[in-house]
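There are two complexes below, and they share chain A, which is joined by chain B in the first and by chain C in the second.
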Partner chain A sequence: MNDSKKKTLTFAIMDAPFESARSTTAFRLMDAALRRGHDVRVFAYEGAVALTFDKQAAHPNAVHGRDAAEEDHPLPKDQVRALQALAKDKGCTMEWINCGLCVDERGVGEAIEGTKRGTPGDLWKWAESSDNTLIIPTRG
Partner chain B sequence: MTTYLLIGSQDPFEHSGVQKLYSLAADLAAAGNEVTLMLVENGVLAARRSTVSEALQDLSAKGVSVLADSFALRERGIEQARLQSGVQPAPIDHVIEHLEAGAVAFWN
Partner chain C sequence: MATKTLNIIESAYRATLEEQDDTIVWISSALRGASAEVDVLLEGSAVNYAVRGQDATGLALGTWQQSQPPRLDHDIKNLMDKGAAVFFVADDAAERGIERTDMVDGVQPIARRDMAQLFSGYGRIWRW
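Showing the complex of A and B:
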């Protein structure tokens, strides 16, 4: 992409993994942004900090009669890794910050590579320096 | 004139706030702004012809561009022939196009 058309887009997400269609939609939006050649920044807070938790594990499904490999249960950490790989392939950057307080509350400090720990102040800085920002809030 | 992108993800049969989102879209358009309402997730249930879908036709008549995420439509088995007049299926890329262009984006 021509550098003049390349944008930096920030997404703020807060839904925990395995719970909401919003996580899937957020990943689809990041995927679309990267495929269009943009740099992507993700600020994860509240439950969304567990999306990159490295200890997520695939499991068998006795109801389906499948072992873990056959079940091939999708894990959000792998989906984030796929987005990171897509960014590299497209010559884009994908930065990911997890809110540190939210991480500590949930005990999910062991995050995959390519992610950082930060504060809500980072979201403010990103929003200030990005071309646009989309906040995807959760609901009870 | 400002360009607004309103993203509607809520099921109109479950959340009364959906009507407020539609009202916001209508008011922004009436004020002379360029407004797109993009329905995603269960928000696309409003796009199927029903008791709630006429509100989308009204928005379209008022100048709001009403789009429904084609992926979400497929997930829910809603074919284009069943869409309310005034609603167009669209890929999720439309959201990114609006963000690229600097639209004010609001998720509901």
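Showing the complex of A and C:
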């Protein structure tokens, strides 16, 4: 365990966008870690690889009576971008690896900048070199 | 030296027909392939993964037929062949009427009261 003040935290997440609050909770934990000056690494597995899909698009919401601009629908890719920007602002790193096979089977290869594709071996390397690793699996 | 990791699989049969495997059994095998020291504990309904002779064949939708259905008992055996220990919570198996003789050879029963002792042998516990 690295005892210096700055820590490196690895997260493994699995939930697809717009399916559960776990992704939002994971993002809030990442936000809190970055605000405290820690480096964050994210291994996105299974449906979570779609969190950084660049073709996510906001939509109007007739039930709410709002057009797309007014609705300002949250998009996880924008939230990840915001976390990346926060990391830069805080002098931290925010690395993101999408499981490549999971990307291919979902056809979500067009990911936002600052993300890479990789393998479970990358999760293992990160876990070995991080201060701690948090697994946030999907359920059901 | 690599830290030993225990993957606890509790969420059972999640997308196994779509993936043609269990994703955590799969990633455990992939991590083993990357020289990781990963073992597995089957908990809750996931104890059924070790039951021999499961048959998930026959999914057909219109003209589409699944040709490679999941073979979870084989995947558990293959994981053990890669050197992983596979444990199951004996209490959970008993609750479901699963006998030890129903299960693939090599899986190891752990009483729920002994789980903490099992955990003490690992540097990481990952609950999936």
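Assume the second predicted complex is superposed on the first by the 137 of 140 C-alpha atoms of A that agree within 3 Å, B and C clash if a C-alpha of one lies under 4 Å from a C-alpha of the other, contacts with A are read in each partner's own complex, and residues count from 1 in each chain.
Keep in mind that, in the parts below, contacts are C-beta pairs under 8 Å (C-beta built on N, C-alpha and C of every residue); 3 or more make two chains touch, one makes a residue touch a chain.
Given the structure is predicted, the values throughout are model-derived calculations rather than measurements.
**Q** In the superposition on chain A, see if there is space for chain B and chain C together, and answer fit or clash.
**A** With chain A as the common anchor, chain B and chain C both fit in the superposed model.
**Q** So, does A:His38 touch the first partner chain B, the second partner chain C, both, or neither?
**A** Only chain B is touched by A:His38; chain C is not.
**Q** Which partner does A:Lys7 contact after superposing on A: first (chain B), second (chain C), both, neither?
**A** So A:Lys7 only meets chain B here.
**Q** Taking the superposition on A as described, I'd like to know which of chain B and chain C A:Ile135 touches: first, second, both or neither.
**A** Both partners, chain B and chain C.
**Q** Which angle, to the nearest 10 degrees, do you get at the Cα centre of chain A between the Cα centres of chain B and chain C?
**A** After superposition on chain A, the angle is 60 degrees.
**Q** Counting only touches as set out at the top, which of chain B and chain C does A:Arg81 meet: first, second, both, neither?
**A** Neither chain B nor chain C is touched by A:Arg81.
**Q** Taking the superposition as given, does A:Arg28 touch the first partner, chain B, the second, chain C, both, or neither?
**A** Once the two structures are laid over each other on A, A:Arg28 reaches chain B alone.
**Q** Applying the document's definition of touch, where does A:Arg106 land relative to chain B and chain C: first, second, both, or neither?
**A** In the superposition, A:Arg106 touches no partner, neither chain B nor chain C.
**Q** Output check: A:Arg117 vs chain B and chain C. Expected answer is one of first, second, both, neither. What do you get?
**A** In the superposition, A:Arg117 contacts neither chain B nor chain C.
**Q** In whole Å, how close do chain B and chain C get at the C-alpha level once superposed?
**A** Nearest C-alpha atoms of the two chains are 6 Å apart.
**Q** Intersection of chain A residues contacting chain B with those contacting chain C?
**A** In chain A, residues 133, 135, 137, 139 are touched by chain B and also by chain C.
**Q** Which part of chain B faces chain A closely enough to touch in the complex?
**A** Interface residues on the chain B side: 9-10, 40-42, 71, 91-93, 95-96, 99-100, 102-103, 105, 107.
**Q** Touching chain A in the complex: which residues of chain C?
**A** So the residues of chain C touching chain A come out as 2-3, 5, 11, 14-15, 23-24, 27, 30-31, 33-34, 36, 124, 126-128.
**Q** Write out the stretch or stretches of chain A touching chain C in their complex.
**A** Within the complex, chain A touches chain C at residues 12, 14, 45-46, 119-121, 123-124, 127-128, 133, 135, 137-140.
**Q** Which part of chain A faces chain B closely enough to touch in the complex?
**A** Counting only chain A, the residues touching chain B are 5, 7, 9, 21-22, 25, 28-29, 32-33, 36, 38, 131-137, 139.
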